[in-house]
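Here's a structure for you.
Letters A, B, C and D mark the chains as written, and numbering starts fresh at 1 in each.
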Amino acid sequence: MTLVEFIVFAPLLAVLAILFGSPARATAIVAAVANLAAAGLMTLRFPVEVESKGQVIFASSRNLLASPNLNLAFGLDGISLVLVILTVLVTLAAVWASPAEGRIKGNVKLYYSSSLLIASGALGAFCATDLFFFYAFHELALIPTFLMIGIFGSGENRKRTAWTITIFLGVGSLILLAGLIALLVETGGKSFAFADLYAVGDKIPADAQKNIYLILLIGFGILVSLFPFHSWAPPAYAQAPTPVAMLHAGVLKKFGLYGLIRVAMPLLPEGAAHWQTLLLVLLLGNILILGLVTIAQRRLDTLLGYSSVMHMGYVFLGIASGNTIGLHGAVLLMFAHGISIALLFALAGAVRERMGTLDMDELGGGLAKKAPALGLLFGFAAFASIGLPGFANFAAEVMVFFGSFQPILETKKLGALQWAGILSLWGVVISAVYMLRAYRKIFKGPLTDKDAKAGIADLTLTERAPALLLIVALMAVGFVPGLLLKYLTPTLEAIAMSLKG
Amino acid sequence: MPAYALEIIVFSLGLVLLLVDAFAKLEDKRSLAWLGMLGLVVVFGLLFKVEPRAADDANVFWRFYSDSRMSLFFKGIAILSTILVLAMAIDYRGLIEKFTAPAEKKAHPQAGLGEFFALPVFACAGLMCMASATNLVSIFVSLEAVTITFYVMVAYMRRNVGSLEAGVKYLILGALSTGFLVYGFAWLYGITGSMDLAEIGAALKSGDVSPTAALFAFSLILVALGFKVGAVPFQMWIPDVYQGAPTPITAFLSVGSKAAGFIVLLRLSAVFLGSEAVAGQVAMAFAVVAGLTLIVGNLTAIPQSNFKRLLAYSSIAHAGFLLTALAAAPRKLEAGQLSSATVVAFYLGAYLLMTLLAFLVVGLVRVHRDSEEIEAYRGLGKSSPFLALALLIAMASLAGVPLTAGFFGKFFVFQLAIQGGHWWLVTLAAIGAGAGFYYYLKVVAAMYWDDPTGAAAKAAAIPVSALTRAAVVTLIVLIVIAGFAPRMILGLIG
Amino acid sequence: MDTGLTLNHFLAVSGILFAIGLAGVLIRRNIIVIFMCLELMLSAANLTLVAFSRFNTGANGAPDYHGQVLLFFIITVAAAEVAVGLAIIVALFRARETTDVTQIASMKN
Amino acid sequence: MDVNTIAWLILLLPLASAAVILLGTKKSAGISALISTGSVIATLVLSFLLLAQPDTAAAKPLQWLSLGDFEVTIGLKLDSLAQGMMIIVTGIGTLVHVFSLGYMHDDAGKARFFAGLSQFMFSMTGIVLADNFAMMFIFWELVGVSSYILIGHWYDKDSAADAAKKAFLVNRIGDFGFMIGILLVWVLTGSIYFDEIAKAIGGVQNANLLNAAVLLVFCGAVGKSAQLPLHVWLPDAMEGPTPVSALIHAATMVAAGVYMLARVSFLVGAAEMAADTIAIIGGATALLAALMATQQNDIKRVLAYSTLSQLGYMIMAQGLHDGSDAGMFHLYTHAWFKALLFLGSGAVIFACHHEQDIWKMGGLRQKMPITFWTFLIGTAALIAVPGTSGFWSKEAILEAAWHDHNYLVWGLGIAVAFLTPFYMTRLFVVAFLGKPRTKDADHAHEVSPIMWVPLAILAVMAVISAYITGPLEAKGHVAFHMSLTAILSLAGLVVGVLAGWKLYAGCDRDPVNIKLFANKFYLDELYLGIVRLFQDFVGMTFDAVDRYLIEPITVRLPALAAMSSGYVLRLLQVGNLQAYGFLFGLGAVVLIWLIVF
């Protein structure tokens, strides 16, 4: 068993253990810590110089079917490694930030198992080097999410929300599946292995590339909440229990972006070029239209939900630029956004637990007086998410923007990509507006309803730990982006090369 | 041992059960079911010991009998589903007794129970024959043997109006389809001059046969077999019959009967698809029927509130996916490609696992909660977590969630359809599968989201016998393993 | 013996017979009559089989007996079907006291 | 110590101090304050050491981002411009820290306050020493956050919390342009490093794009240095503790825009149209802010508008041909005397129990003699009394405008020269002279030495700084030529002071009432309207579109379609055997017809 296999299956084993009576919270934390350790070990042993396109490290493969060639195959390239680190960090934080067993009203086993299943699904999808399992693992999260929102979600509409996210993502996955199969058929349909796909991928005719890329863009787009396929996301994140919101918004949503970078773009470069303008228009929808929608939100949870959707626009911008800088920015932003949104949801969960609501008008304000640590950590999270230097988000966004201008270094003529970059930059202002407004409304200002808030306690140490873990990760990468970038460069350069044609 | 020995053994087993029931004066007739299961388990084991037909074996059987891997696979499906149906029947016996016990006070309460355990074994023998039939006559006879047995089994609860109504509906429409079948067979025989499928295929291929007549025969046969597998517009019987029949029989119908219907459809369609002159029309017909079936099956399932009826529509929906595979049958198979037949067989294998798992739970809930409405499943996640988990996995697999057996089936079907360029069928299938997420998860939502209401609120956990527990665990494990490694099933097909 | 009858005559008659049977099934309300019409459809098939059997002569001029074999099976199966079918219909009549198929619709939608 | 150590220590000491306070000594305010003050004193010493370095000095860079050709480093440029600016920053920083030890002595958030100051020192140092645009942008943003934290130090006051938010957001708008500008410069010259851009700038062909790029870079300065139309945040920023106003919102941070333009003066010089625009915006800001200052009653706000006005001068200079040095010179002198004025006002406010309305003061001359005299010196420097530092630097700017033949800008500058003495005289007369008008003013007494010693030092600097320009020697020096400009500005001084004296001596309330000026030309209201439009109206509209159009189309409509077709289709299942038979037959006939024909 390789480390990668361990990391994918450890949460599943933990689920089995929980099912057979092992204490849920302890088991989940042990599994998450073990995964973190394994991920750390892999990072240390990951060679920075990876030579060829599609090369993966720690590869393992178990043949399941000879014809067509189907393998339970895992391995890491640079992108996977970064996303695995993201996943294990967020998983640990999510499990940790889950309420203690006594405070969960309902099936404790289900609560913790669901988080672990979502984590395992994400890890499997990021590590798989076989198209089939790449797709299949992602779906592992579908039913746990459905159950968790339906049972433990907050708000009266939680059932409708659970249905919406499940059906929407289910249909999105089906569209994606159709696209992936079409891709498979175009490559001969004999093998699911990424390596085999890359080997024949260049020969797909241009027309087929365009059609398939469009299907994949829509399919992946739905999973990433690309405008206008985003309606499932904000209410789902708002109403999901904290660990699910953290894992879903932080980690799982990155799958679609990962898929675009890892599968769609290298195999369908002409398709990517052909639909670039469409993607630019849609991502501006994410950033500008949904950014303004975010401003109009009156509840912290939907605000965070929309903000998470909005920020996807920047990742898409990096992807649309298709050059090394932009792609690095995109992947780093996936990491940074994942951590920061998970952090925000964790802290929002803490606020909800204390105040019983996340409606900003009802919350009143001045919470920082009663819970200074919560206020401070939320401030960190808010500033991280609006891209303050020192946090990984800033480095990533800067690269995305430089990436969008890089193609005209020679011509010096502004094109669609650059205009999109300029307009997207306005989103930086928008996100500052809504984040600071929320921070101001909830934490700053005079303390209202003093009596009602008399019993509000600050974060306990258990609650602080996951937040600190995430903040440290964000700042470490923010100060030294090279920590992660060095792993990405070989992989992304190869992809950027294939896009150039 | 040649393959046909198995049918003989199973048939004899059925006779033995009848005789024991008649003469042994059993106090508890469950032992009949145990005996039947034991016998079938042995036969299932023998399935792996079958010796292929020797080249010089001129036994008359081989003139209408095939022992291909595919046939053996479908025999396996028949035997397995019969075993599980018998297991279910044991749990279900209370209801059978209630609706069949003789009116006289002194009569044994199980007086009407014996045949309920014997008849499935006969049906199994018929299904096994169908799996191997390669001749119009043997197809017809084995098909009817199965169908008539099912008439009896569906209407078995003779004091229950629902069961009787189901029986009558099945009887009339089944007989109607038989009429179409034999008329079609007559024409097929007439234009090709043979009863043997291989010879018929050769005749059609040769081009001496009028394509119009051939298509006429095909359409009659399609009507009849469409009825058997539940293809739209011949699906009307399915919801009512599934709902009315005793639950183990519903399970049997939806797995065994459907599987047998498909192997016959596969065999016959191969004959027509082999002929250039008619293949286009035949594929078109399949595509139309598949599209209709996908839409009607999946969409009509959405508003259902009775779980058995929902499973009936789901059965129609799955027929839609299977027909899609037939419609998208590649003309020329390339290396590394799965044929339609393989895909259908795999799909049915996976379908067996998940459907029987679902029906196992349905039967138990019917017995202990006295209801088949989805309402009755509220709170099952709390009161009977084991059964709820089993049903959750069954539903996930039926919905086609990856890493379950059901997903691979759908995956292969999509692959065939996309390979064939049938994009509108793909679209309909995607819509159908999307709707599937809704109606399957509806049950899951009831089990886990909702608190039980009414009588169910006070009900204790549903007791699960060791046999049922073993069956449930086995099915769960198989569903998950097949979800990772389809070779488990594909390897059997060959 | 040449009666001037060709295969087409037989096929036409059997086709009409089949259509009559089908129409009966669709139109009549009495379940017993419907059942009889179903038997009529089987007879139509039988007639077709015999006709083909008679006109598909082999090399030696003898009829092709395969068709007649199927015919006998059909007759046998039909008998079994009637036996079972009538039993069910009787049971239903006891329970519902009607033979009108339009009255049998407790399960729907 | 070698240059590397010195430079990196200057940058990192304040960061370390902030981190230590945040992570460790947060609980003990006294120690935190000492750590912070210690670090700034150390950096002041180090900055003096830095003066010994040659103009070409640079510290070994640290790599931050590296992707093939694209590299962003944290590199320290230690030329004389940076050296001089460091003296200003750390010098005033030290004095403000010391002053704060007294001013914030009893504040509950003292530790937080000093951590914020240290963080600001770190960020500001980063801007000063940056050798490339990306690094400058990083610290640019960090400075914004420091300012946010410090303005909102008393965050439980609504006005402070709002002012902090406003400052950050308005700056973000400027940064939006700044970032695009950086990107365009990068595209045009292929580099983000100042040295390389300077080399490549001659080869840039596309004049339009270059103008656009420079103007967009200038947007950053508009935000940070509070120029029109983004000036609105600075007066509100006075909600912060007064030492913060002195350090950040008068002497250093707001000057960052000017410093940045000076840093890239070669860029501005290459873009004619952009340069003209910069000069005009600077001049307009100077004039409008001065007009607004004439009608303010809050002592800090008067000073804030005067800061705006002086910043307008400096920006104006940056847009002038050969004016950059004059602008930097003014920045240098202004930093001292404006810090002095702010700290002086802080002492006044402290003494009057946090009373800021000048009409509620009066008669402080007797109560607080040291503050009075130092404030007088500061005022003299600001209104450019000949001999004080402010006189020399302002003359330099006005001369530069004259020599550039940019008469519009020159005219604006001269007009401001008339207004500045007027409103400063008004402030001084009302606050310090006459009789105490309230109890608070009556009970005021001189502040403790820890607060007045910095005032004294600054007062000295306010006079002599123009004569000891040190590393900035090249930027400006004391030289007087009789010219039209000089005559007019001296006339302005006399007229302004006399008018102020005449109007305000002995008044108890404002005899002049110009609503337009008092209400800042209603610009805040206008902006509030625009923000409302976007935040509330457009946001709500899109929200409604999202909620009632996109969501239904993508979610509810398909769901409804599937559900309703399900309900329709189930109606086909009538349950009647005859109907089934009929459908069966119909289906069979249609299918046969379809297949056969």
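Here, a contact is a pair of C-beta atoms (placed from the backbone, for glycine too) under 8 Å apart; a residue touches a chain by one contact, two chains touch by 3 or more.
Just so it is clear, the model here is predicted, and its values are computed rather than measured.
Q: Given the two chain pairs B-C and C-D, which is bridged by the higher number of C-beta pairs in contact?
A: B-C
Q: Quick check for the class: compute each chain's Cα centroid; which one is farthest from the centroid of subunit A?
A: C
Q: In whole angstrom, what separates the CA-based centres of subunit A and subunit C?
A: For subunit A versus subunit C, the centre distance works out to 65 Å.
Q: If you average the CA atoms of subunit B and of subunit C, how many Å lie between those two points?
A: 26
Q: Taking each chain's centre as its mean C-alpha position, how far apart are subunit C and subunit D in Å?
A: Using C-alpha averages as centres, the distance is 97 Å.
Q: Indicate the whole-number Å distance between the mean C-alpha point of subunit A and the mean C-alpha point of subunit D.
A: 36
Q: Could you list which residues of subunit A touch at least two other chains?
A: In subunit A, the residues touching two or more other chains are 167.
Q: Can you tell me which residues of subunit C touch two or more of the remaining chains?
A: As it turns out, subunit C has residues touching two or more other chains at 22, 25, 31, 34, 101, 104, 106-108.
Q: Any chance you could list the residues of subunit B touching two or more other chains?
A: 168-169, 172, 176, 180, 239-240, 434, 438
Q: Taking the top-of-page definition of touch, could you list the pairs of chains it picks out?
A: Inter-chain contacts occur between A-B, A-D, B-C, B-D, C-D.
Q: Any idea which subunit D residues touch subunit A in the complex?
A: 63-68, 70, 72, 134, 137-139, 141-142, 145, 152, 155-158, 161-162, 164-165, 168-169, 172-173, 175-176, 179-180, 183-184, 186-188, 190, 205-206, 209, 534-536, 538-540, 542-543, 545-546, 550-551, 553-555, 559
Q: Which part of subunit B faces subunit A closely enough to touch in the complex?
A: It is residues 334-338, 381-382, 385, 392, 396, 399, 401-403, 407, 411, 414-415, 418-419, 426, 430, 433-434, 437-438, 441, 444-445, 448-449, 483-487, 490 of subunit B that touch subunit A.
Q: Mind listing the subunit C positions that touch subunit D in their complex?
A: 22, 25-26, 29, 31, 34, 101-102, 104-109
Q: Report the residues of subunit A in contact with subunit B in the complex, numbered from low to high.
A: The touching residues are 64-65, 67-70, 72, 107, 110, 132, 135-140, 142-143, 146-147, 150-151, 159, 162-163, 166-167, 170-171, 174-175, 177-178, 181-182, 184-185, 188-191.
Q: What residues on subunit B touch subunit D, complex-wise?
A: Against subunit D, the touching part of subunit B is residues 168-169, 172-173, 176-177, 180, 212, 215-216, 218-220, 222-223, 226-227, 232-234, 236-237, 239-240, 281-282, 284-285, 288-289, 295-296, 299-304, 431, 434-435, 438.
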